[in-house]
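Each of the next two complexes has chain A plus one other chain: chain B in the first, chain C in the second.
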Partner chain A sequence: MPDVQSLVNEFILKLKKRKVEGSQATSRHAAVLLRSVISQQRIGYTNQAGTLIDAVKAVGEQLVAANPVELAVGNIVRRVLHIIREEDLSLTTAAMAGLNLSALSDDDDDTGPVDHPVLSAAAVAAASRSTLRPPSLQTLLEDMPDSTAVPHTSSSGGDSEGKSKSADKSSRSRKLKHDVIEALNELIQDIDTCHEQIAEQAVEHIHHNEVILTLGSSRTVLQFLCAAREKKRSFRVFVAEGAPRYQGHLLAKELVSRGLQTTLITDSAVFAMISRVNMVIVGAHAVMANGGVIAPVGLNMVALAAQRHAVPFVVLAGSHKLCPLYPHNPEVLLNELRSPSELLDFGEFSDCMDFGSGLGSPLLHVVNPSFDYVPPKLVSLFITDTGGHNPSYMYRLIADYYSADDLVLQRKAASSS
Partner chain B sequence: MGAQKKSSAAAAARISDDPEELSRVPLQAVLLADSFTTKFRPITLERPKVLLPLANVPMIEYALTWLESAGVEEVFVFCCAHAKQVTNYLQCSQWLSQPNFSVATIESHNSVSAGDALRLIYERNVIHGDFILISGDTLSNMSLNRALQEHKERKKKDSNAVMTMVIKRSKLSPVTQQSRLGTDELFMAIDPDTKQLLYYEENTNHLKGTLSLDKMLLIDNPSITLHNDMQDCFIDICSPEVLSLFTDNFDYQHLRRHFVKGLLVDDIMGYKIYTHEIHSSYAARVDNYRSYDTISKDIIQRWTYPLVPDVLLFGNSATKLEREGIYRATEIVQSRSAQIGPLTVIGNGTRIGNNTKITNSVIGKGCSIGSNVLIEGSYIWDNVTVEDGCQLKHSIVCDGVVIKSGSVLSPGVVLSFKVVVGQNFTVPAYSKVSLLPQPTKQDSDEELEYADNNSDIETSPIAGAHDNLNGELTSDLTDMQSSAAEELGSGGAGYIWSICEGASEEEWRHSVAPVPAEKLAEISQTIDDDLDFSYQDGNAPASSGELKPGGLSDSDDDDVDANNDSAYFEKEVEATFLRAVHENVKVDHVILEVNSLKLSYNMEFAACAGAIFYSMMKLALGTPYNSSAELYNAVVNVLTSWKRLLKSYLSGKDEEIEIILKFEEMCSELAKELSPLFTKILCFLYDKDMISEDAILDWESEKNYADESDRVFVKQAEKFLQWLREASEEEEEED
Partner chain C sequence: MDSRRASRAVIDPKVRHVGFVTPNAPPDRAQSFPQESNSSPLSASPASNTLSPVMIPPPRHPSENLTTFRTAAIPVPEQTRLRAESVVFEGSYDPTESLSSSSFQTQSPPASSRLFVDEEFSEESWLHRNNSAKFASSSPAPGCGFNLTSVKEVSGGDSTVISEVKKPAEASANEKNEASNDRSKNALPSGPSSKSLKAKTTKSERRALQESQRAAKAAAKAQGNKPAPAASSKAAKQPSQKKEASIAPPSAAASEKKGTDRPSERERKKDAPAPRMQFDDKSRVEKAKKRALVNQTEARNRVEYFRHLPQYEYGTQLPDLQSKLFQLDPMHPAVHKVGLQYLAGDVTEDNGRCIAMLQAFSEAIRDYTTPDEKVITRDLTAKIGSYVSFLIECRPLSTSMGNAIRFLKSRIVKLPLTLSESEAKASLCSDIDRFINEKIVLADKVIVRHATTKIRDGDVILTYGAPSVVEMILTHAHELGKQFRVVIVDSRPNLEGQSLLRRLVTKGLKCTYTHLNAVSYIMHEVSRVFLGASSILSNGIVYSRVGTASVAMVAHAFCVPVLVCCEAYKFHERVQLDSICFNELGDPNDVAKVPGRRDINYLDSLDKKENLQLLNLMYDATPSDYISMVVTDYGMIPPTSVPVIVREYRQEQLWI
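This part shows the complex of A and B:
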């Protein structure tokens, strides 16, 4: 498949050159790419899931190695692997269920393909494995008939529907691929709509006459604030400019153009202003399994200030930003150091970096990290597209999205290269 | 970078919208994979400069990566010396199979300069539109969109704008007068509005502090800025005309020395060169060993982001950045007791022994470094063996070198490929060691460097033989060892190249080693002496208060400053005075104001007096008059009403003489109408006790030895002077 390979190479190059920016764009791109990988992958009659998993892993390794700092790529690869596993499992169980249909429907009082035809594959899989490990909270909630209050998780992908019961061996080969692609389409759609889904919850969190503080710029935050504005909430926003890239300026511009009362402050003024703030709402680069956040630089300071004044610190993150790794994992690159030219003018400081005289090593070092790590104890609430969660609940959410077998993806990549 | 992407998309959209660009030609670039110099010898005898590693990645990778990411679609790599090696390298790399980015090589074996190369490219007829001209040793992360767009817009308006040069601000070292890249001081005159380049001169003589600008430059251009803190990035955006210009002027060899200067001097064709200054992005060219050092450090300090070792742009092995700028590849064997200092890169598969200290250095792949080794500010390439107890300071060690135990490399040493340094041997500072004997044909003259390159080609087959016939190499080595053993200690192999006379003086300037402290002290001493000297003779013309018409001295900054200052001072005083006249300010206040001006410009009373007198005369001239009598009345009016102001600055004879001189100057140059009244006004000043007779007589005696033309006013005042002399004699008689 030279076609797919060239697509993969193109994306790898883009990742290497840091040309794709933003987790959402990256993860969407990765998901679309993996979808085409899967659709082009030939699969035999035996061990279909294994073939798909190998194919996705092979591509995934390259993608992760291309830009290890962008954790969203690894997340999506793991999500896709998880989807394949789940679909495979659901097909197998469905086949089994089809064989002893009558027995199952008698025993099971609340779960079973017959009673709930819209039940998700993930739910079936989870239910079938319920003897092996405790069911996740999410699936338990979903299994309840009146689960309309909770939005569907994205991993609950392709609907098994009535067709899934056809345990025909010959149709299963096409079935698995079809189901996986269906589920992937849903995942892509989820990534596309994650901003709106998060923004929908804005009114629950932002109240009249409140003062919101944010730092830098995040599309999620922008939509969140605008959604609250559209619902006729009147509130004020303090925007810390987010040195050295000053994306806060752009955010302030956007907010003003949508009629929000905005105040722009320097990053260093955050502590002075925090006592007037009712809530801090920020975006994130990635959310780790322990509930810690990798966020644009400066946010740790904001979080500490918020804690000092008991101001809620709310992090908005689409579910593609949930990373199943722990920040103490050596495979996790926490930071990307960017060019010092964002901080100071080369021409003005060129004499401080003259290696030709003196000791041969300059006295001036400039460090420009892009990310901060905010520990979970400083975060009050995560708002994802599936609702609001506590930091301590993150690992649970992650268990729903990823299977434990795939966590080692990166280590394998490192050893194989 | 999101913005960058957007702007590139916008630029692309604009291009496609443009009806003229319907038949859009792909953006092309010419990459000269040969520097046509000999500065990197002896290394370049065996391997072309563009393939030398910079932070463990060949230079050409940086150049190609940048071109690709900047949106160039077609690159012509021009290879000359070691053309085979370059083409082989490209064939093995991923570059030839890139989508949307084609790399084609053009080989030549008889081109000896950039000029020849461009003439050959013109003959091939492959360039169809604007193209980027860079050398293969250029490193940048700038975005070309802005510069390209500016170039195109200028081109549309004026078809003579053939080239845009990229420049970047970078301060000179105040002591050695060279840039941090080790290049010579560069003077550029640029029109601040249009950014047109008007003058380009490299100052090779470090102690000579003057440069001369053509008077026409100052006349033709309302304003120019003169820079000596600009660095030429050697990235040029050229129109196709540039190639034909090279063909028309077959004697153009060097891109800057001949082409740029040629265009600037030649105003018949009217071709123009513009500049584009980059601020936040990085661009530099590896010109000599010093810039090799500086640019390596810049990469390590991430100025070139994303072209940094831990970003996997080049298919290099995974490297991790740790604190204090230590880049470590993933598979390294390092002793627990080894100390890796800041700003260090360590390549894959390298082994480091006990108690070894490494700081500010780059270590290549597969090196083996023994115990108790000290490595400081050095560049060690691939597969080098450093045995126990060696000391390496500020040196470059090429592939496959063996340094036996206890050896010392002094600062500035360059060891070329596969050299063996014997046990306990100290390689002297700034020496260059190679397995190849020094070419006998030596052209130390830099002007002939392209001719010199011929010898490079002659010797390159030998180098190829060395690379290819590894089996025979050992026997070769033994031969060499017998002849060159004594040069590098027992068991050593290699020739220490003798440094040609004249160059040794300057060796420290271009070496990887920092300038030694004693040298710095020595230079700053000579500079101090020089400055003292220039202060002494610089003060005399300063008081004349006008620019020397012939030239503008630059490094004598104080001189220019003084000139400018006194001119500004006069203007300020005049403005103050006029304001005082129009707004009826009290004399005391005017005196205060002038005094403060005097302090801020650090002027003397004489200058104040001169300036005030000058402004008074200007005021008088400003009032309407029909005859010289009326003018005289006007002058008298002004003088009487502002007598107190003038008097307060006339504390002595010197000031009075200054006034007379000023007056004389005005009459002869500025206001010819006043000249007939010279004597009358002088007489009036004397009457009103503003100028004493002593001052007038001194003035006369000063003028005694002057030219005839200068004595016009002395003659005019002859009668008055006569009378004065008699009067004073009478007084003496009375006494």
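This part shows the complex of A and C:
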């Protein structure tokens, strides 16, 4: 336990110091960390899922508080919670099925959650069938989210405890953790491969002689473009440099080294050039439930320009960037102001600052936000690792990944602490 | 043709007479514009203010025209070279075409059958400059040499003299490095045969010729409309007279370029600015290079979309030019200095550039002495033309500078012949001063007065870059005690906003500084956007510092009013839809290098890569629907009214 705590602290420190950047790296870190938290977590015989959920929430709360703007952390915490609930649910139903059909024993359970629907379809009664399904529109409508599932598990755990004796108990407790960790490994793998999965769709969207504009740098975009390039598509890329971080230079360098025809432009030239562009492809920081995008600064401008010229604005986002929250005033609340030194040389303006200090409030403010909010109406398409989606479909996609009662993770955590 | 001409001649004055009343126009301004007239500008009567200036030149006959043209073409080979230089960068037609061909045509007796061919030819080449090949299928060389030979072939065979001349000329036409002065030398042998004619030319005829040629040149100055005296005089003439004029062979040839002698043509083209030099036209670029004073090497990785614009390697011209400081005889030191300033980027602001240029010209005019046997109006125009071409090589002209040059040239053209040299020079210098004063300094004051009424207490005013007018507005409003905050949005690579920020902060204004990408973050707080402009085109497009369009767009999206502050002398009748067809490209290396950020060096090693292009656009075009209001010295107008201002005030604007 102490070593887990030190790992957590280390990660929190990294988040606070903004040492980990990019949602992919962050979410991977978070997932690995939570995996170790779960594996180290001792769980009793009763309410195992509850214990795990509490442990994950406790850690998750700290992580989210460390960098509230890095929505990927919260996403991963919610994903893990969702996984725990799902695994628990499937185990429970399996146990119930095992009760009903004693012929089906442990080795069937070993096949894992994927096989359960088959099992249930074959054997389990209608009641268990409904709980086995991933949270669907039906469950949402019926207002029967997993919150009811948690007490249900505990009670059913009690039931199973009462009926099948100690041997079954130990295997079940081991099993839940085991399954959760298995699922977490899958999640981590998903995060690792999301670029490739998105890039696979590149050929469906990029044709010959296309002119593509992007701003800043994103590994997803890089791999997407390179995948199209590898499929022998020849196209031209305009890269806006993305001041003040100038990640566009990095992207341009990568693209050039892979033989793509690349033109580096200043951000101010985006409007001038967009009329000759066929498609805007950008990465995102996070995708909100309403289909809005928290994106690197400057993209709102690009999206507006694209809309003006009817150029498709395509956002690439791995599923770990899907955030189940609805944004409120995201330009301010989900933003982060970086150091003014990226814009101004302090030595040059120190006298101006001094001048202001006499008046109480400084005369000079320097604003250097790092994110932009792109409203859903400006986005033409999301390409995630599960395929292309409309902005209006995002809320549904999110329902596939998160449990409804984890959405308020933060507030709940805050009130409890 | 004739019918069209006639109708045009009738219609046009009508259009001009339509009164355009601007209650906002300050009275002193209105009075301060003496109208164009034959007399000295200073003596213009106020009564003539409202009337369109009409100049009636002495009637001419074809033969006389002929001779006068010859006198013009023969004497100064050097000058033709200079002229060629002066024009080459601005329009995509080559002035040598008309000059040399006119000089050639003068050699041949005016056979009427030929004349019509010529006329057709010139007409044709007007429309498709590059298609003139069909008139001379034997000669493969495109461009001016081509026209030259083609004209001769059409006209040739009339006399032995001509056929003799023809051969060397043809040879030279195919050799690209033969400059136009060679051609005019070729033309010289025919001179003696027509000397008697030359002797007959009267002063007025010569003057008329000069005017027409200068008009052709002024027209060539990319500014497109050259309502030079010849034009107005033609417009005033009756159709019959016009027909006569258009038949004159030399003028027909001259009109190949600009239609100097064809009023109908001129009138028709008046609103269509001359096409600019297109740098994807290899032959023309080659020729332009030959004449260039500044050595420029073409950039290796040119951006595909901008092949029609000059893309040079930067950093080489400045030392090169500095080393030439004492070799460039024809260049006045003041002009040279301004050129170096442009090249070094010391003067970047539009008005500043314009003023620097005009002051240099005025200095140059002060030091100017007319060479023997030359006329001040003609020689000085050529001189100015060479200065302008030099400045263009240092940095392409802005629209405002083009307008200023147009003004200056029109002043020179209109110098009365009766004036002595010193008087003429003094009058020109005072004209220049007046232009600076009224069109820029006073105009700015008027704009400031108008715009400050739009600033209220508690406003947050956003501006982009460092437009000088906006700075004046903000300072003035601050001096008036208005309480407001300024948001300065800046962008790479020039970062002019920082200097504006420094000046405003030292004056005690509350400022917020941010970069362009963050404009949608800051736009929530903003209540007004004030922008500057390099030019406003007659379709309402605001041609301005690159990034202005983005700022205006975001402001529009956030429903923040956008006010563009622009002096009326920057208005232009050209139209443009995007920022690509015409633009200026800065040093691409500025894009790759981020000063003060050592960590951004990804592209350092990639300079040589073929597939990496760096694009440093200087301007962009803001669609007029993003603009709520244009604040100009004639008042506050919607962007759709810009063409009205251009049309109604152009005369006044040009002639002051």
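One rule holds for everything that comes next: the second predicted complex is superposed on the first by the 332 of 417 C-alpha atoms of A that agree within 3 Å, B and C clash if a C-alpha of one lies under 4 Å from a C-alpha of the other, contacts with A are read in each partner's own complex, and residues count from 1 in each chain.
Keep in mind that, in the parts below, a contact is a pair of C-beta atoms (placed from the backbone, for glycine too) under 8 Å apart; a residue touches a chain by one contact, two chains touch by 3 or more.
The shown structure was predicted, so the numbers you read here are calculated from the model rather than taken from an experiment.
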Let me test your reading of the model: by the given contact rule, A:365 touches which partner, first (chain B), second (chain C), both or neither? both
For A:241 in the superposed arrangement: first (chain B), second (chain C), both or neither? second
Once the structures are superposed on A, label A:345 by its partner contacts, choosing first (chain B), second (chain C), both or neither. both
Examine A:18 and indicate which partner it touches, taking first as chain B and second as chain C; both and neither are also allowed. first
Output check: A:268 vs chain B and chain C. Expected answer is one of first, second, both, neither. What do you get? second
After superposition on the shared chain, which partner residues are touched by A:65: those of chain B (first), chain C (second), both, or neither? first
Does the superposition put A:328 against chain B (first), chain C (second), both, or neither? neither
Looking only at chain A, is it chain B or chain C that touches more of its residues? C
Using the superposition described at the top, list the residues of chain A that contact chain B and also contact chain C. 342, 345, 348, 355-356, 361, 365-366, 368
Write out the stretch or stretches of chain B touching chain A in their complex. 1-2, 5, 69, 99, 141, 168-171, 173-176, 178, 180, 182, 229, 279-282, 290, 293-294, 297-298, 301-306, 311-313, 318, 320-321, 324-325, 330, 342-343, 359-360, 376-377, 394, 513-515, 520
Chain B-facing residues of chain A, complex: 6, 9-10, 16-19, 21-22, 65-66, 333, 337-342, 345-348, 350-351, 353-362, 365-366, 368, 414, 417
Which part of chain A faces chain C closely enough to touch in the complex? 236, 241-244, 246, 249-250, 252-253, 256-257, 259-273, 275-276, 297-298, 300-301, 304-305, 308, 331-332, 335, 342-345, 348-349, 352, 355-356, 361, 363-369, 372
Interfacial residue positions of chain C with respect to chain A in the complex: 303-305, 490-493, 498, 501-502, 505-506, 508-522, 524, 545-547, 549-550, 553-554, 557, 578-580, 583, 591-592, 594, 596-597, 600, 602-603, 606, 609, 611-617, 620-621, 623
